[in-house]
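Presented sequentially are two complexes of chain A, the first with chain B as partner and the second with chain C.
Take a look at the complex of A and B:
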């Protein structure tokens, strides 16, 4: 089970950190967390995947849903600190171009 | 010498956690399986189980009652999972599965499973569905 942590930086960037496994169980809470940030006026969002031990296609779908929501609001969603498993999944699904990993949260925007 | 790990799960999202804990126990028992093979196998297995969960929810429309018997085996050549359930037939052609466009928010599961491991097989056998995930060991 993943725990979704959310905070905003001093620069107005939303940082969402899924801790643990990001599968069908946690995909909806992740999307909801991003949508809530956008609805509150924060449309630049970093999903910090450094604490995400495993991601599946549902988790990827949640990232894409969040990305679309941020871009609709004039912002963007970027990912940071992917583990090897996350990088592998992005490559196998051809999503490494649309979700280009950043090495750190600070480098994302 | 093959070892088998078996469990009967319920076709519901929460049991993905149970399945992944089962996989973690398998790796504890089989420390010789390489990291890449572990990742490939777990990714495919989770996607296949999630697919069974999705179709179970659609078929019944109520509380999830479909049971899924999971058997995991490791030998010198491969890691394999067999998932057996008695639900409705799965209308799937694994040879025709393709990865959706990059802006799709769903529909990647089976394509990811097929891409991750060496073989994914589905058979309707009498009244049961049988999924087999095979990952040949590379290390």
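Take a look at the complex of A and C:
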């Protein structure tokens, strides 16, 4: 099961936290959460992957789609606290070049 | 055939819509014939995929016989027939043709009392059918193709509720007509697109296979031989199933078309070839919110030199005869992530006895130990196998025995040791 939590920091940064497995099931709600933040004027978004136990290519696709949406709006999407499996998948696909992992959510922007 | 106004279709007529019957010119196929052919039912009239609906009908109504019948002009084909051993008969000797003619459900509570039916061979003779209820099965343009029906050797009542259930069962059969035949064909086409009949190359042995987790795969496997060398590809589009397969077909074709430039000397750098292919598909991948990882390679069998681009794939291993292995990768991105980035051609010189294994991440799901250490797991598999065919066979067997979440694709090339 997975779940997407969303909040905004005092500095106007959007924080999206997918909990559990980030696969085809959770990919769509994640993209929708990012799009909703951007549409509401929050184009700097951190995806907190500290609670994400597993990611597959659909999950990566959602992160890339979110990244494109944020950049189109003049912002950026960054990822924080990836777990070991997520780090491995990012490294394997070289997507860590466009989604550089940050150690904490606060350090992301 | 005589008109058969049924004595008992009273509560059911409102369920059927009268589709206008289109009478074709002499010798022209009817709409139903064309539709049956399009659904693959003329080539193979008996199809076990419909048996579960006939079985379900028999269970619901505790009836001895149930059929899914398709009618092509004057012939009735029992696409599925449970409780009786029949494949086809003259349409005018069946109850089902009444349903098709009426374009509406038909119920016959007791055929012995019904002059329209009592002379049918199955009523007057064995198995002496007395009760019949049939509902039209239509294609998506409302043409009646056949029926789903139940038969009993004793007279019965059929309530409005029964009629509603039979109508729903007919909808299930209609869905089966469309979706399954469509997906089966997609699977057949994709299997036909897999590289086959690869000519043996002196000094090398080669095997490859792709096992989809759904009926069609989002993994691509390609191999083309030119006079100047061999092109091969293992690629994985984000996601799986039909959506991924549609994207993968265009990516595979774009790559093949641009690689032809390399084969014929128009282009001389594999990195630029991948970039040119990306330019063809970038818009499609972006619109679909997808990306593709891939290992794109150009091999010269005479020298053993492999030129490759690894687009975020990272799942290629060169296994040496002494058991050591080298993971082959790059820091280049997948296709579709960024419209402006480029790819770098790299070179790998193989030695005699080396085995190159390129696979998709589905292999990580099925090969023990591969998730933790893909290189080691693949090297161990190669060492305990008897050549590329055996490696591919073993992975194929694993893909069918372990519940996989992803398509499983593997390509294996061994450069034979001299004198082997």
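By our rule, the second predicted complex is superposed on the first by the 109 of 109 C-alpha atoms of A that agree within 3 Å, B and C clash if a C-alpha of one lies under 4 Å from a C-alpha of the other, contacts with A are read in each partner's own complex, and residues count from 1 in each chain.
As a convention for this text, contacts are C-beta pairs under 8 Å (C-beta built on N, C-alpha and C of every residue); 3 or more make two chains touch, one makes a residue touch a chain.
From a predicted model like this one, the values you see are computed outputs, not experimental measurements.
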On chain A, do chain B and chain C fit together or clash when superposed?
clash
Once chain A of both complexes is superposed, is A:84 in touch with chain B (first), chain C (second), both, or neither?
first
Given the touch rule stated above, what does A:97 touch, chain B (first), chain C (second), both, or neither?
both
If you stack the two complexes on chain A, which partner ends up touching A:25: first (chain B), second (chain C), both, or neither?
first
Applying the document's definition of touching, compare chain B and chain C: which contacts more of chain A?
B
Tell me the contact category for A:38 with respect to chain B and chain C: first, second, both or neither.
neither
Contact-wise, after the overlay, does A:56 reach chain B, chain C, both or neither (first, second, both, neither)?
both
Common interface positions of chain A, toward chain B and toward chain C:
23-24, 56-58, 60-61, 64-65, 68, 92-95, 97-98
Residues of chain B touching chain A in their complex?
13-14, 16-17, 20, 35, 39-40, 42-43, 46-47, 50, 53, 99, 102-106, 108-109, 111-112, 115-116
Flag every residue of chain A that touches chain B in the complex, lowest number first.
1, 21, 23-25, 54, 56-58, 60-62, 64-65, 68, 84-85, 88-89, 92-95, 97-98
Within the complex, chain C is touched by chain A residues 23-24, 31, 56-58, 60-61, 64-65, 68, 91-95, 97-98
In the complex, go through chain C and note every residue touching chain A.
236-240, 286, 289-291, 293, 312-315, 330-334, 337-338, 361, 405-406
